[in-house]
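What follows is a short report on a single structure.
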Amino acid sequence: MKVGIINVTGYAGVELARILHRHPDAEVTSVTGRSQVGQNLKDVFPHLAAADLPIEEELSGSFDVVFSALPHKASAEGVEPLVRDGVRVVDISADFRLKEVAEYESWYGVTHPCPDLIEDSVFGLTELHRAELQTANLVANPGCYSTCAILALAPAVKAGIIGPDIIVDGKSGVSGAGRGLALGTHFSEVNEAVSAYSLQGHRHMPEMVQDLDLLTSDKVRLTFIPHLIPMTRGILDACYANLKDGALPTGDGAQAALLDLYRDFYANDPFVRVVDKAPSTKHTLGNNDCIIYPTLDARTGRLVVIGCLDNLVKGAAGQAVQNMNVMFGLEETAGLQALALYP
Amino acid sequence: MKVGIINVTGYAGVELARILHRHPDAEVTSVTGRSQVGQNLKDVFPHLAAADLPIEEELSGSFDVVFSALPHKASAEGVEPLVRDGVRVVDISADFRLKEVAEYESWYGVTHPCPDLIEDSVFGLTELHRAELQTANLVANPGCYSTCAILALAPAVKAGIIGPDIIVDGKSGVSGAGRGLALGTHFSEVNEAVSAYSLQGHRHMPEMVQDLDLLTSDKVRLTFIPHLIPMTRGILDACYANLKDGALPTGDGAQAALLDLYRDFYANDPFVRVVDKAPSTKHTLGNNDCIIYPTLDARTGRLVVIGCLDNLVKGAAGQAVQNMNVMFGLEETAGLQALALYP
Amino acid sequence: MKVGIINVTGYAGVELARILHRHPDAEVTSVTGRSQVGQNLKDVFPHLAAADLPIEEELSGSFDVVFSALPHKASAEGVEPLVRDGVRVVDISADFRLKEVAEYESWYGVTHPCPDLIEDSVFGLTELHRAELQTANLVANPGCYSTCAILALAPAVKAGIIGPDIIVDGKSGVSGAGRGLALGTHFSEVNEAVSAYSLQGHRHMPEMVQDLDLLTSDKVRLTFIPHLIPMTRGILDACYANLKDGALPTGDGAQAALLDLYRDFYANDPFVRVVDKAPSTKHTLGNNDCIIYPTLDARTGRLVVIGCLDNLVKGAAGQAVQNMNVMFGLEETAGLQALALYP
Amino acid sequence: MKVGIINVTGYAGVELARILHRHPDAEVTSVTGRSQVGQNLKDVFPHLAAADLPIEEELSGSFDVVFSALPHKASAEGVEPLVRDGVRVVDISADFRLKEVAEYESWYGVTHPCPDLIEDSVFGLTELHRAELQTANLVANPGCYSTCAILALAPAVKAGIIGPDIIVDGKSGVSGAGRGLALGTHFSEVNEAVSAYSLQGHRHMPEMVQDLDLLTSDKVRLTFIPHLIPMTRGILDACYANLKDGALPTGDGAQAALLDLYRDFYANDPFVRVVDKAPSTKHTLGNNDCIIYPTLDARTGRLVVIGCLDNLVKGAAGQAVQNMNVMFGLEETAGLQALALYP
C-alpha cells in the first residue's frame, strides 16, 4: 500500500511517519510540509534517520490512502481534491468531525470549505465505528481528549447507568499543543506548572457530546475543562457522573459489576484495556493503548472513570493507522504492537 | 518570639525553617528530627547554610509557639504535653482537623492519642477562622488540597448559589507526598506521567466537607479525586458544581457578578487573590498566595472554580506562619511577603 | 531460542523483557526477581500487559541464553552455576568487565565470587569486540557511560590523533540509578536540579580506560565526572582531548577529515551514527542507537566528541540483546529496529 | 534611590523587578519593554501583582541608576545617552564586557554603537572587581556561565597551581535562553533531553578568558562547551585543569590545602560559598549564591572544580543588584538575603 502524508512536519505528522516506517503492509512514498520543503525527512528529524524522503510542496505519485495532519480548514482544503478523486483519506484535523456545519463554523470561527463532504465522512473512533470505517472514504480522526473521554464514558452511557450530567477533567502533556511556537509552550513557562485552559469552551467538547449522544436517548450535559501538564506525551481524563438509582448492585458487588460491564463492552478491542486499579499515562507511552479504570464513589453515588492514552498515538497518529488498517481489511493491530516505553 | 519546630527534616518542617529564618519577630531556637539527630540543620540542608542549629531528639528550652510537622498520630503524641503545659501549638499534621473522633479514627486507621484536645483546637484555614485563631492554643493547620478547595468554594457555598453536588479534581506536585522514600515518588516513576490516586477516598475530603458545611445548611456531597503531577511544588484544584436557578444574573452580567461575589468575600485577605483569567501554579511558587478564578460554563449552568497555591507554603508552612501571626497579634503578612519565583 | 532473565524487576531487567517481547527469534520463558516473587510480570508492570509470566525465585527450565540484571557480586554468584553448566550468559552487572581481579575488588569493595571466569569472558562493547562475541559463553555487558564514552573516543584513540589526557564529562537521566529507593532518586530532590557525583571516582572509569588502552600503546589518563540530569532516560558524554600536531589537515579540511575518520571506523555498525551536528539524547529515546558528533575547538587545538544514547537500551538491555544476536549468529539488528520516540 | 529598568519583559528584566520590589533602599519608578508597551507590569506578570507600573516605550523621570536588560547592540544604543548624561548604568547585555572592540565585533557580528564607552566600563564580576565598581558609571554585568566559571577558577588561576589548559563543561536550565520563542526552547523539544550546543564557540568564552587572564601571566587556553538541561533555572560548570607539580601537598593534605586556598580567597564574599561536597543547583534556586566545590582527581593529577548558581540571580539580575549595592555604598547583601527555595 502506498501512503502519502500531508504536513509531516508537525508532531502528528512525524508520528505517522515513525509508526508507518515499520508497518508491514504500508509504505510512505510522498510527504509534504508547511515548513522545510526541499529538505529531507531524515535531516529535519534525526530520529527518522532511516526515512529518506524529500519534503515536498505537494504530494507526488498515486496513493491508496493519504493522511492529513494539517490544521483545521487547511486540511479540508487540502484533502478535498483527493476525496473527490476517489483517494481514501484519514484526516487528523477537526474538519470533518462535527456533523453540523453550523456547529463547526461556530466553534472554529471559519467557513467550512466543503460541507458536502461531511455527511459521508466517518468519525474515526475505531472501537465505536468499526463497521462504517471498513467502507469509509473519508475518516475524521477524533481529537485526543475526545478519544479518551468517549472511550471512558461509552459503556456507562450506553448501559444507561448514569445521568446526563457529566464532568470531564482533562490533563494533557504539552505535545498536544503541537510543534508551533507560542509562549504557552515555552519550556520555562510550562515547566513546573499546571494550569487549566479553554475555560470558555474547548473544541473537543462538542465531538464528545456528539458521539456520546449516539449511545443514549438522554442528551448529555457535559462540562469539559482541560489542563496543561509539564510532560511531553500523555492524556488522562477523569470523568464524573451521578449513578442512577439501582444501576448497579449495592455493596461490594457494585465494583465488580461495573468492571464486568466495561470489560464486556470492550471484549473485542485490542487497544482498550479495562483495568482494576488507577493507571498512569506512563503505561501508554508510545503505544496505541487506551487504559480505562471505572470505579465508584460509593459515599456520594457517583461513577468516576479514569482514562488515559498517548495523545500522539491513540490520540492521533496511532488511531489514524488503526483506522487505515480497518479501512483496508488489514489486521487491526498491524504496525501498532509496540509495548509502552517504561520508565 | 521563641519558636520550636518538631520534625524539621520533612519538607513542611524545612520550609518552616526557611520562612521563619527571615521572620522579623520570630526566632527558631530548637528543632527536632525523626532522622539525622545530632547533625546540624545547615549541613543536612545546604540551602539553610545560615541556619546554625543542631537537630535534637527533643526540643530544648522554652517557647512562645511550637510547630509540629510530624506525621499523624505521632504529632498528637508529640504536642500533647506541650499543649497541656500551656505552650501554643500549630500542628501541621491531620490530628486535630476533624472534629469527630470517630471520623478521624476511621479515615486514619489509628486511635487518637488525646481526643479531649480536639474540641478546643481551631481549624487553621486562616481566612475563615481568623477570629478564633487569635486566642487559639492549638491550631490544626489544614491539608494542602483542602486549603485550596475550601477557599475556592467558600464564597459560592456561603452565598448559596450552588447545589450540594460538588466535584473537586485536584492536581499536586510531588513534594506533597513528603520526603520519605517510596516507589510512588521515585523520579523515573512519576516523571513524564500523570495518574489519579486515592480513588477510594482521600483523607483531605472529610476536612473539606466539614469546613464547607459550616457555611451552609445544605450538606455538601463532595467527590474529591487527586492527581500526581510531574512537578515539585504546586496544587491546583478544579471545582465543579451546578448553579441554582436565578443564582446569578443571566447573560453577560453573570461573570461580573460572580467575580464581585468572590472579591467581596476576600476583600480583607492579603493572601487570597481573585483573578479574572486562568491562573498557573507558577504564579504562587514559593509564596503564600492562593489564587482563585471563578467562572461559569453557561451552556450547562455550572460553576467552575480554579484555585491554586504552593502546597508547601499556603498549603502547609506558610499558612502555619500566617496562623502564628494571627495568634500573636503580629502583622498577618510578617515574614510572608516574598513574591513568587518566576519563571 | 529460549531465554531466561535473572532479576527482571529492575529497570534493565524490565527493559530486556520489553525488547525481547517482540524479538523474532527469542522467547522469554522464565524470569526471576529480587522482589515481587510470586506475582505475574504483567501485574507488576502494566506496560507488559501481554507478558504473562510468573516472577520466580529461581529460573525454571532450560535456556539457550540467560541475561542477568542483578547488582554486582550477586550477579556473579547467580550466573556462575549457569556458566559452569554451559549456558551462555550475558551479564549486565559489572562483575566480569574488569580483567584485573584486584582492580575489580578495589573499585567494588567486595571479593569476586568466581575470578577464574573473568579471563574467558568477553567485554560486550559489540562494535569493538564483535568477533570474540560470536563464540563467547560469558559476556560482560559494559556500563552505560562506558559504552557511550568508548564509542565516542575509540576512532580518535585508535588513529592516534589525540594525546593521552582525556576528560569525559557525563550527563545521565535518573533511570541510570536504578529502581531502588534513595533520596538521590526522589523526585523532589532531583527534579529541577543538576549536580555532579562520584567526584572521588566513578566505577565506569576503569572500564573506559581498560577498553581504550587496547587501542593504543600510550596509556590514556582519563578523568570522568558524571552528572545527574532531571530526565528519565538518556546519557550524553562530552569528551575532550588535545590533538597531536599534524594529526589532521589544517584549516577547513580538518572537520571533514575528522568526520571521515569516524565514519570509516563505524562503516559497518548499524547502531552507531556519526553525525555532523550536535545530537540530543531525545534522538535515541527507546532505541539502540549511539549517536556521535566529533568536532574541533580549532582555537585551542582540541578534539571535542559528543556521544549520546539511551542508557537502558544501547547502554544496557539493547546492547545485551545485540550481543545475544551476535553470539547466536542472528541478524545483529533483530528485535532492535525501533525508531526513537520523538518528541 | 530611584531605579529604571529597560526591557523589563525578558526573564532578566522581570527578575530585576522581583528582586528590587523588596529592596530596602531602591524603588523602581519606570520600566520599558520591547513588547507589551502600554500594559501594566502586574497584568503581564501575575506573580508581580504588587507591582503597579505601566510598561513604557521610553523611561520617564530621573534615576539614580538604570538597569538595561536589552539584547546586545540594542542595549548599548539604549544606555549610551544615559551614560553620557551621567546616569549610572548596569548593563546586563554583553555590550561592554569585552575590552577589545574587534573581539566584540567578531563574536557578536555587529558594529559596536559606542566603542569609546568600553574603556571606562567595569566588568561586574563583583567579587573580583569590587573596588572599581564603587566608582563605576557603567557596569558590564557578566554572563551567567562566565560568572560561574570565573568564580570557580579564579583562586586556582591566581595561585598558579594549574597549567593554562582548561576545560569548562557547562550545563544550563532553559531560562538562560530567554523568553523569546524558538524551537530550541519549545517544551516538547527540550524536555527529557540533554544536548550540547555552540560547539563552534560560545560567546561567554572570551569573557571568561579575559577575566582569568587578569589573574595570571600565563595566558589560559580554555575550551567551553555548554549544554541545555531540561530544567528552568540553574547553571552548573565543571572545570578541569592539570595541576602543576608540587602545587599542593601530596597525599591526604592536598584536598584540605585546596579548600583552604579557596576559602581564603573568598573569605570576605557573602555570596560565594566554598563547600566540601558536590553541590546541586537546587541549593541556589532563587538566591544570589554561587557555590563552589574544588576537588582533585589524584590519579591523574587534575583539579576539578564544580560551581553552580541560579542563572537569573547571581548569573544576571541578582549580581546586577549586588553591583548596584557596591556602586552606591549600600550593604552588599541588601535585597538579596533570600534563602534558596528547596525542594
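Per-chain residue numbering starts at 1, and chain names A, B, C and D are given in the order in which the chains are listed.
The rule we apply is simple: a contact is a pair of C-beta atoms (placed from the backbone, for glycine too) under 8 Å apart; a residue touches a chain by one contact, two chains touch by 3 or more.
Predicted model only: the values in this text are computed from it and were never measured.
Between the interfaces B-D and B-C, more contacting C-beta pairs are found at B-D. With every chain reduced to the mean of its CA atoms, the largest distance from chain C is reached by B. Chain B and chain D have Cα centroids lying 37 Å from one another.
In terms of their C-alpha centroids, the spacing between chain B and chain C amounts to 46 Å.
Contact of a single residue of chain A with at least two other chains is seen at positions 11, 173, 175, 179, 188, 191-192, 230-233, 279-280, 282, 285, 343. The touching residues of chain C, counted against chain D in their complex, run 165, 167, 169, 171, 173, 188-189, 191-197, 199-201, 221-223, 225, 227, 229-234, 236, 238, 240, 242, 278-282, 285, 293, 295, 297, 299-300, 302, 304, 306, 308, 343. In the complex of the two chains, the chain B residues touching chain D come out as 11, 14, 18, 21-22, 45-50, 175, 179, 191-192, 232-233, 273, 275, 279-280, 282-287, 289, 291, 337-343. Considering their complex, residues 11, 173-175, 179, 181-183, 185-188, 190-192, 230-232 of chain C touch chain B.
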